[in-house]
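The two complexes that follow have chain A in common; it is paired with chain B in the first and with chain C in the second.
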Partner chain A sequence: MSIDTIQVRVTAIAEVAPAIREFTLAPVGGELLPFSPGSHVVVEMPAEPRPHRNAYSLLSDPRESGSYRIAVRRQETSRGGSIYMHESVAVGDELSITPPANLFSPAWSARKHLLVAGGVGITPFMSYLPELERRGANFELHYLYRSSSTGAYREQLEQTLGERCFLYDSEAGNRCELGTLLADQPRGTHVYICGPETLIAGVHEVAQSLGWPESHIHYEAFAAPQPGNPFEVELARSGVTLNVDADSSLLEVLEGAQVQVPNLCRGGVCGQCQTRVLSGDVEHRDEFLSAAEREQGESIMPCVSRAAGKRLVIDL
Partner chain B sequence: MRMAPKPIQSFRDDFTYSNSPGAIARFPFPFPEDEYMYSVNIEPHVTPGPEGSVYEHLLDIDEHYLSEMHERGLVLEENPKRCLAMPHMDLACWDMIERVMESFSNDYPEYFALTKEGDNWTWENKLLNLKDSFVFGDSSTLPLPPMEYIGRQVQGDFALLDQRDGDLFLDAGIVTCPADWSLAFDAGMSFKDWHGPVPMAHEMGIFDRALKYLCAIPQGRPVRRLNWTLTVNARMDTSPETYPMWGTDRASVTPENVGEKVHLRVELQVLDRMPRSNALMFSIRTYLISLEDLVTNPEWAKRMHRVMKSLPEQLIEYKGLSRYHPMVVEWLSQFDPAN
Partner chain C sequence: MPDEPLIKSRPTYTEVSLRPNTQKHLFVSTAQSLSRIRSLYEAAPKGEKALYLFGKPEVTDLGTECGSLSELDVVINALPLASAVYVAGDEGFLWDVHNLAEKAGLASEQIQLLAPESNKRRLFCTHCYAITEEVTYSPHACSGCGRLLLVRDHYSKLHGAYVGVQINAEDPADIPETEELV
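After this line comes the complex of A and B, so read on.
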């Protein structure tokens, strides 16, 4: 048993917020795999010159695995994956996705779950909520958004969750006082954050300053690869040299050259693509390597990290 | 060769357990080199593996199925705490039920059948004469708690590891044939806690690397490794709880009976990501072979001698072999021409 990709068909597309579209993905033959709350899949988009591969959280109820749903926020300044999903994908199209993987699972033994979502960061919590309900867990959702672009599913959430749902539309001047929110929680509460980096950093900082144990703070920190300076990479085993342009990640260039590198998140979190560096300095942009490992300079996470200089030699 | 289950033999008292020539031929001999090397010997558990081998299917069933299930029943009767599941692991237990039932009914259709109508499942185990209908996910519809229900139908020990904060926690398990570790003692512990006593590996950074790797195991790509020790008599249950029953066995080894008494005990460990709970299922399938049976394969006999002879002192002690290790080396030397 080894599953690498799953073919799915887009059976519905819905605008769930001004800048967010929801895609329903049904299996092409066979059944979809069950998944756990917080799981994501990597969607491969057949773009030119090379495919986009983006990770998206599954937002359906894990108990209903007849189809998967994902939501994509249009990112005007990104490298094009979300624009491709918005402009080039139509109902009836086939896409290939990876099996679900989970790097953001709830801590089931928590006494209380405090979910903090920012914008499209609501998506992983959409799969948490039905399971938290089934388990009779104690939880609250705090959802921060801008109604002119995000805020998907908020009416539905308000309706089903009632007083456990707290909405903050920044454009209506509703602010979430993180200090009060985090200071007010019973012992044994775990906080989960998914949203922009600033929100993750903000909650993390406040929680730390209030003495929350690190083990009770969870966040989904996929960093989509950001552009950088172009560099050259030499593959020591084959002697091949490749050019990594400013807009491509090292992983994408390797894949374009048919060099297989295992990967799950494509966002510097899962650790699967760790590759040995033989020479050259690395600009580390991942969340995976420890400070000591960065110091040693013997590894790179090619999904997000780049050469600090003009050239790298890696053990591939 | 595929192995049909044979009538019940015992792993205690009169020790009637024996391996047929077919079972010897498929024994997972764990030493790839003449010298024993400590390493993270993890590899993908790609199935189907070679036909008839212990690697053919995700979960291996062999001629000892009925004997091991009988033994499990005896152990659980003596000590119900050999099966534990914390409340938050209920979904993970159902993941295990699904994995075992799906695998068994696909891989061994002559013995097992699963029919599903939505969440209404019917499971038939012809080897144990069981037929049960239940609602998937609803533990109140099973005759036993979910972990015990399925654990009594599958060979090997099982642990379900909850994954949180980049660590794994031993929060559920059914453990009746351990190589000297206790589920009740380790329950709730983190990965590094329960590996605490293993010598040498900490210095080598093995556990840090292994933990990162295990946490990233994706659904549908299980991995496996072999572990080994020696056991006196064909005793499955060598747990700390029953130490008074077997601790003194070590003193019963003599130069005359070493080949018959001492068994190589190999664990085929498989780690498989559970889809609904994100837990890791850790199965520890134990194979026992007497040295007498092992040396019927001349290559194994020679290598076993070399490995035993070069085993570091720390490991001899950790594995509890000190008392009879010299006798094992001496007895095996007759099969090694280089000696």
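After this line comes the complex of A and C, so read on.
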């Protein structure tokens, strides 16, 4: 990772839901940077053959910057980052993280904040809530989970938020009627969604059909890069050719070859990693490029997107 | 935080169209601009629209007369979340209504402004903060302090006005040539 990474030590691990572990990270010498509600860090895990790098929301109160806390849901089908965190990280271990970055900050001008969390998607809201309380903001939390695997912090949330906390345990048959929820909101409400893509898409669609203004709909999805077909990439400036195997992202392969590419989200949303394509077709998997930009085919977001064919030449 | 973002150039106005999935369409127009907004108003679904007029319109069977911006504010503050506001009139008026709607929690994509009905500008004096209405040429004397102001193309959304700066501060006897504003 780049030079400005921070070394942290895991000082506590807690099981906060059957499939979710919370990690407390304290600085190894020095101090941690303050952060704003909705921030995340990218955690680098020293796995073989290549390190995992996953983005996790900071879930502590932004005012307590003595340590950071993150929560990781074990994803059996993922490429291993979450399994590594669950199985190979112990109290006392050191990890490197990036400084906090924020791609999901609350719109403070909102008249009301409607927070919709699905499963481990509760994490960014854990840093929103203390700040919303301090500002006396009008808000509601709607938290959808499956009690056999997720639902972290729900007792604590229910206790501190009282009637502003709405819990929906799908295993107990509690469903959240999105249509009713979104239709009932006053003018000037902003909705924030964090959770599985299906939840984000669902809320987004319903809100749009109910005439919600697009700029009042906020969401955060850290889609981990999905595997794809292997391909070859040629770096035009150095003439080097690299192989991207099925399980690695282009960004990971570039990093493995010590080629620095700026990145913040590693999930195709922030736009930081945009790279010029000189030849070859791209299979776009990001949420950043516009339809027109995809059409032009001059850019790729290497954190998630891949070559559509066997070979790609990029301007690096 | 800067409380008054200055747009570097003049605001631009694009084609206005009915917003889909809207529960309430609110049309606000000066009497003079009614003819320009009328067809859009008529195209909006019955029962889901309202028209508020400022000034005495020629056709009186249309809309509700509205005496002041504070009266309009009450109307705007009763709008549901899925609303759209369409405004026609002078540029200063457009932004007055825009700012009311924004303060009431509407998103900017819910507020559409028709191109101003004339090139009359509202002028904001950066020296005495007075507002001078219906300015069509530059330089123009400030209605507050009388200074001769150069009408700049910098638009203040907050005041719904163009910024005016004294042009002959060094020598008040030096009166530059007058230019018609476009």
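We adopt the following convention: the second predicted complex is superposed on the first by the 313 of 316 C-alpha atoms of A that agree within 3 Å, B and C clash if a C-alpha of one lies under 4 Å from a C-alpha of the other, contacts with A are read in each partner's own complex, and residues count from 1 in each chain.
Assume a contact is a pair of C-beta atoms (placed from the backbone, for glycine too) under 8 Å apart; a residue touches a chain by one contact, two chains touch by 3 or more.
For clarity, every value in this text was computed on a predicted model and none was experimentally measured.
Novice: Looking only at chain A, is it chain B or chain C that touches more of its residues?
Specialist: Of chain B and chain C, the partner in contact with more residues of chain A is B.
Novice: Between chain B (first) and chain C (second), which does A:P100 come into contact with in this model arrangement: first, second, both, or neither?
Specialist: First partner only, chain B.
Novice: Applying the touch criterion given at the start, work out whether A:P186 contacts chain B, chain C, both or neither, answering first, second, both or neither.
Specialist: second
Novice: Between chain B and chain C, whom does A:L115 touch in the aligned arrangement: first, second, both, or neither?
Specialist: neither
Novice: May I ask you to decide whether A:L157 touches chain B, chain C, both, or neither, giving the answer as first, second, both or neither?
Specialist: After superposition on chain A, A:L157 lies in contact with neither partner.
Novice: Just to be sure I read the superposition right, which of the two partners does A:G211 touch: chain B = first, chain C = second, or both, or neither?
Specialist: second
Novice: Mind sorting out which residues of chain A both chain B and chain C touch, each in its own complex?
Specialist: On chain A, the overlap between the chain B and chain C contacts is residues 214-215.
Novice: Could you pull out which chain A residues touch chain B in their complex?
Specialist: Against chain B, the touching part of chain A is residues 1-3, 33-36, 38-39, 62-63, 99-102, 105, 107-109, 131, 135, 214-215, 218, 264, 270-272, 288.
Novice: Give every residue of chain C touching chain A within the complex, in rising order.
Specialist: 19-23, 79-83, 104-110
Novice: Quick check: in the complex, which residue numbers of chain A touch chain C?
Specialist: For chain A paired with chain C, touching residues are 110-111, 185-189, 208-216.
Novice: Flag every residue of chain B that touches chain A in the complex, lowest number first.
Specialist: 44, 46-47, 58, 86, 88-89, 91, 98, 137, 162-165, 171, 212-213, 215-216, 218-222, 274-278
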